[in-house]
Amino acid sequence: MYKIAKENLSALFQLIADSQELYLPVKTAGQTNFAAWSKDAEVDLDTLKTVKSAKDAFFPQSEGLYTVKKEGKKMSVEPEALKEQDFVVFGMRACDVRGLAVLDNVFLADPIDTFYAARRDHGTVVALACHEPEETCFCKVFGVDAAEPLSDVAAWMVGEELYWKPLTEKGEALTASVKELLSDADEAAVDAEKDAIHHIVEKLPYMNLSLEGWDGDALSEKFDSPIWEELYKPCLACGTCTFVCPTCQCYDIKDYTAGNSISRYRCWDSCMYSDFTMMAHGNNRTSQMQRFRQRFMHKLVYYPANNDGMYSCVGCGRCVEKCPSALNIVKVVKAFQNQGGEK
Amino acid sequence: MQRIGVFVCHCGSNIAATVDVKKVAEMALMEPGVVHSEDYQYMCSEAGQAKIAAAIHEKGLTGVVVCSCSPRMHETTFRKAAERAGLNPYMVEIANIREHCSWIHKDIEEGTKKAVILMRAAVAKVNLNAPLQAGESRVTKRALVIGGGIAGIQTALDIADAGYEVDIVEKTPSIGGRMSQLDKTFPTLDCSACILTPKMVEASAHEKIKIYTYSEVEKVSGFVGDFMVDIRKKARSVDMDKCTGCGVCQEKCPSKKAPSEFNRGLNTRSAIYTPFAQAIPNVPVIDREACIKFKTGKCGLCSKVCQAGAIDYDQQDEIITEKYGAIVVATGFDTINLDKYDEYAYSQSKDVITSLELERVMNAAGPTHGHLERLSDGKAPKEIVFIQCVGSRCSDDRGKPYCSKICCMYTAKHAMLIRDKYPDVNVTVFYIDVRTPGKNFDEFYRRAVEQYGVNYIKGQVGKVIPQPDGKLLVQGSDLLDNRQILKEADMVVLATAIEPNPDVRKIATMLTASIDTNNFLTEAHAKLRPVESPTAGIFLSGVCQGPKDIPETVAQAGAAAVKAIGLLAKDKLLTNPCTAQSDILLCNGCSTCENVCPYGAITYEDKEVNDHGIRETRRVAVVNNALCQGCGACTVACPSGAMDLQGFSNRQIIAEVDAICR
Amino acid sequence: MQELINRAKELLADGTVARVLGWKAGDLPYNPEPAYFETAEAMEDFVYNGFCGANLSKYMIEASRLEGKTLVCLKPCDTYSFNQLIKEHRVDREKAYIVGVGCKGKLDIEKVKKQGIKGIESIGGAEIADEAETLTIQTIYGEKTCAYADVMLERCHVCKGKDHMVYDEIIGESKETKDAERFDEVARIEAMSPQEKFAFFQKELSKCIRCNACRNACPACSCRKCVFDSNKFDSSQKANVDTFEEKMFHIIRAFHVAGRCTDCGECSRVCPQGIPLHLFNRKFIKDIDELYGEYQAGEDTDSKAPLTNYTFEDAEPSIVGKRG
Amino acid sequence: MSLENKEFKPKIVAFCCNWCSYAGADLAGSSRLSYPADVKIIRVPCSCRVNPMFILRAFEKGADGVIMCGCHPGDCHYSTGNYYARRRMTLLFSMLDYIGVENGRTRVEWVSAAEGVKFSETMNSFVEKIYSLGENVRLGDLRCKN
């Protein structure tokens, strides 16, 4: 266990950034999101939840795949280079770290997504415990411990100190490279912080949400439930929930034509959109109810069915905060809980 | 994927001198879809067209790009050539490498580069072209003429003589118009009524002509070849079939205080009246606002004296709906209101009159029975001052910016007539310029000056001041002598500017015919299509299009008739296929497009749609292709992109943009 | 609120309306959701308080296709949107029973949280009938307070007024909330140098994640299929791959609703990244007011919209450069 | 034209209505009234056919300036098209100015079929303005630049 005074953090960031890229929560125009560090960036470690998760660092909202160039009648194809530089993501929360595990199951399973894999290889995550969890948080429901950010380096902000604990080889390597700024520390302060966090977590309204009945076996019962018809109605079919979510992994592949060249890229897609999985014959989900159902069935039924019971929700609560119609996964779960017996 | 042929024209050296045409042809082969390219001396020649036809056959072309002169020049030529070779004509696009390139650039490298880009844009467009089919619409073989003045009468006669039915709609109780108010006409000084009335009689007697007087056009719908028009026949209160035109009712009518419209309000008429003796139809109308019977319920004298029993106080307005293939606007003119020209004391003195009023004063059937006298005291004037350009050629917003065109000539006429009949009367004319471009016009004017001794002063009048003794003090300037002039006159005549009949704006809106800032109807082309409105099927006759004198009006009336006959002679019309089309699956039914369509071509219907398996009834826009002229206003008004324009589609224009910016 | 609930139950009972469109109490003190109620029992969950910001007009597009009338609760500003939708034939007036609900300004939970208030358990003072000018907030980190006016949505500070433009009946009192000038923000930007303007919008728009919440919440953006979702212009976009696309989307969106936008403020309310999107729409409104005469979309259902109207004397586009 | 702009060859798109401005451009051509080759004309039936999307698209694809020409107000072949176009473009240009795009990059001119001289003069002055503004970097898609 190491520590560093809060006031020295900018020196730490500078040191990391000297040798590799550094992404961390930065406040821009009033909102905090993960962004590349720079001297002028307004680093914001106090905001519990960035608007978007840190997913972009490994699975950017859009990324080039390859470019086709045409000269005369000749064509050439240039694939986009894979990530080759090491980088650090600082300040992820425990829930978002779990989100990476969800993405790993998808992108690192065969066939491996090389773009994602390269970023995972080169990325080191320093995760920060949640000093003051909020009422929208429900990570505990998915077995995530807000006080134990299990990643390459776990960190705790206690008073004027940041405590630093490498957990993996990558974490050790990063630690070694910034050793000059760290000093040894004992676990006492961190233990007290963990207790405090656990104490708060117990009081949060969502933390005791029950997921009983949500698993792969519940497929047809849940799928056919009439409850969806009621639940989806306020949904505006925007993609907010999808794009702030640390685990949503659907993307679309599109072409951009620039005259003599075409660049093929992929970008996040949302199952809330009417043209999601649109094919030549039309769309296999024709109503917003079906699209709405898809999102929650995927998180709570399909994904666990294919991944040994692991849910693809991590309880970060971003959708709870951001949905324009105040819909969210918690309300869905509760609706089934309340009405499950009656239907 | 299209199979496109690119044909690059040298246009002799017009293009080839500043554009490397071989290079353009060579570069064309690099473009997607292009399977053939060649260059030739004169692509528009027989031989050049044959090359296009040959390539269409041999290479199985589905699209053609001709890099040549402006499409305004030869687009039709090349489209017809392609059509003869079996290709849809709308698969041909022109890259304008002459007017927009070779003629304005001197450097061959620069010119060639630009020509290549213009070629690319055209190829990019053709890649997205789709064959278009001109539709057909039928033609109702009847014409409507709005306005029964000399223009309307002449147009109607010419159309009727060609064998087509014509209806004239005239707002006032009689046809005849302004010309019937004139005393003599320039430059021959023949009597206006003598030459007009035979035409009026001819029109009324013509078996193909139907005349609706005291009527107005109320509503116009439909489109070229197939207009549907509502005509409001105002209640005349006299049965036209029964009335014999004996005139006893007018004599006996006790209400004689209504100002006479025909005499410009210079005297009065009875409540039941025909505007003038030779009126056609010779059937009076009851002016319900002046009639004692209508005002108080008592009287009914006219009914009692009418032997024919034609008086019908209960008559109602009647709406007649009729179909027409062509509509001719002949709404004529009026003189402007002189409120803004009070320096000429028009409102202060009865002896300051307009030229049109002078026509009535000089006319034997006028308020003074043709005696030239002051309207204030009936005395014979000794000094008369004419003031030219009152409200014409005006640079501020008091008057009109244009020249009213007829004033110089009628003033010369008035001056001459006065000097001829009353040699002791002095006539002075204040003018800015004297404009006499017309056959025998300048000779006419010179006679006024040289033979009749009319005193022309180049200069403007600043003020007319009525004097206590009844005289009028005219303050003017003589620009040639550079001096101020003070002149006492007995009468002042104002050459008042003319303006289109105020009703024309309403009519133009109904017809979606465009109108200029002065309310004159706009012609389709200032030089080449002067009697057609840009709106198909609408023709222009007389002063409604711009100031003109009688011979010009009659000439234009004949021209408008010929254009209308040309239309009526057709059984079917080919419609422009570059029209708007609405994608019913994307249409929101919001009516925004409908609100910007100048032709009323867009209507909304409840239609059954199948949106990827969802069947429902939706309110959607439907474009009438016969009405749509293809401006594209709707396509931009439409937020969802449901509305698109064939031949200039969103994707086509974007492809051109992309090609140019590449 | 009780009066509203009673009246709704009455209208449900006598068959005047088939359903009620209002808000259902959420599972947190500040997240009520738009909801339909078809029975008196269901109405038990009905809520109307300071957090009921959603403009329910847009839901009436779908509700107009249902059997029977829908009782819809519309705040004064929502009624402008409803009128505009009538004008565009997107809703059926006959299918709506409009209850104009009172409004004392709607709350922005983001602003509450920006004050450092978190772990919220309950909020007092958000009720419509409540005269309190302070919110009392119980949190797991203790009791906090904040002034009601300080945490109101931006739109409520520039409120168009508390009169309902269209309604069948009005239930509940309103309180004036306007304490700022509507165009001040726009004017402030207009006064910037081109570089500053560019930097300002670049910064704001760089946050855009193209979630389309602004578009989908907007009652004017009622297209069945947006041009950015269709291939009609070759303009389909799913993500801002380039900074140009952020601008393209927001400029075109603002343009498409120009003259139709009632300035209801939903776009800014729903933006997860807090982009002041109303600044685009309000710029157009300001321009329209200045150039073509004052025009408030949704004030009526029959006036000509500024972009489907013209006068011969309209300003030339060069006025943009001349205004400086 | 400044020295550093010597190499700069701007891309300029001109939308011209078929009835007036395109004919005006033809007249400029037949009168041999030159203007820089940087200007490329796209023919549209009427200025009211010009969608703001087209203008933004041009900038996206690397145009440095976009000019739209139509019939003089009152002279529209379709009576009212240019009136709508005038309002649309005024608002669009105002918005572009508002977000910090140089106002000089957009222009509307009314050019009649008889105004070949005006067409040529307009294009000359517009191109000069674009040269003075330099390359459009604020409103282009960077993917076009490589």
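Letters are used for the chains, namely A, B, C and D, taken in the order the chains are written, and counting of residues starts over at 1 for each.
One rule holds in what follows: contacts are C-beta pairs under 8 Å (C-beta built on N, C-alpha and C of every residue); 3 or more make two chains touch, one makes a residue touch a chain.
The model shown is predicted, which means the values in this text are computed figures rather than measured ones.
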item	value
Pair exhibiting more inter-chain C-beta contacts, B-D or A-B	B-D
Chain at the geometric heart of the assembly (C-alpha centres)	D
Distance between chain centroids, defined by C-alpha means - chain B, chain D (Å)	32
Chain A-chain B separation of Cα centroids, rounded to whole Å	69
Intercentroid distance (Cα basis), chain C paired with chain A, Å	30
Distance between the centres, which are taken as Cα means, of chain D and chain C, whole angstrom	36
For chain A, residues that touch 2 or more chains besides their own	256, 258-259
Residue list for chain B, restricted to those that touch at least two other chains	517, 596, 637, 650, 654, 658, 661-662
Junction residues of chain C - those touching two or more other chains	225, 227, 233, 241, 307-308, 312
For the chain C and chain D complex, residues of the former touching the latter	189-190, 192, 194-202, 227, 233, 235, 241-245, 247-248, 251-252, 254-255, 258, 280, 283-284, 287-288, 291-292, 306-312, 314-321
Chain A-touching residues of chain B, taken from the complex the two chains share	30, 612-614, 658-659, 661-662
For the chain D and chain C complex, residues of the former touching the latter	51-53, 56-57, 59-60, 73-74, 80, 83-84, 86-104, 106-108, 138-143
Chain B contact footprint on chain D (complex, rising order)	11, 13, 18, 22-23, 25-30, 32-35, 37, 40-46, 48-54, 57-58, 61-63, 74-81, 84, 88, 114, 120, 144
In the complex, chain C residues that touch chain A	26-28, 31-36, 54, 58-59, 118-121, 139-141, 203-204, 206-207, 209-213, 215-217, 225, 229, 236, 238-241, 266, 269-270, 272-275
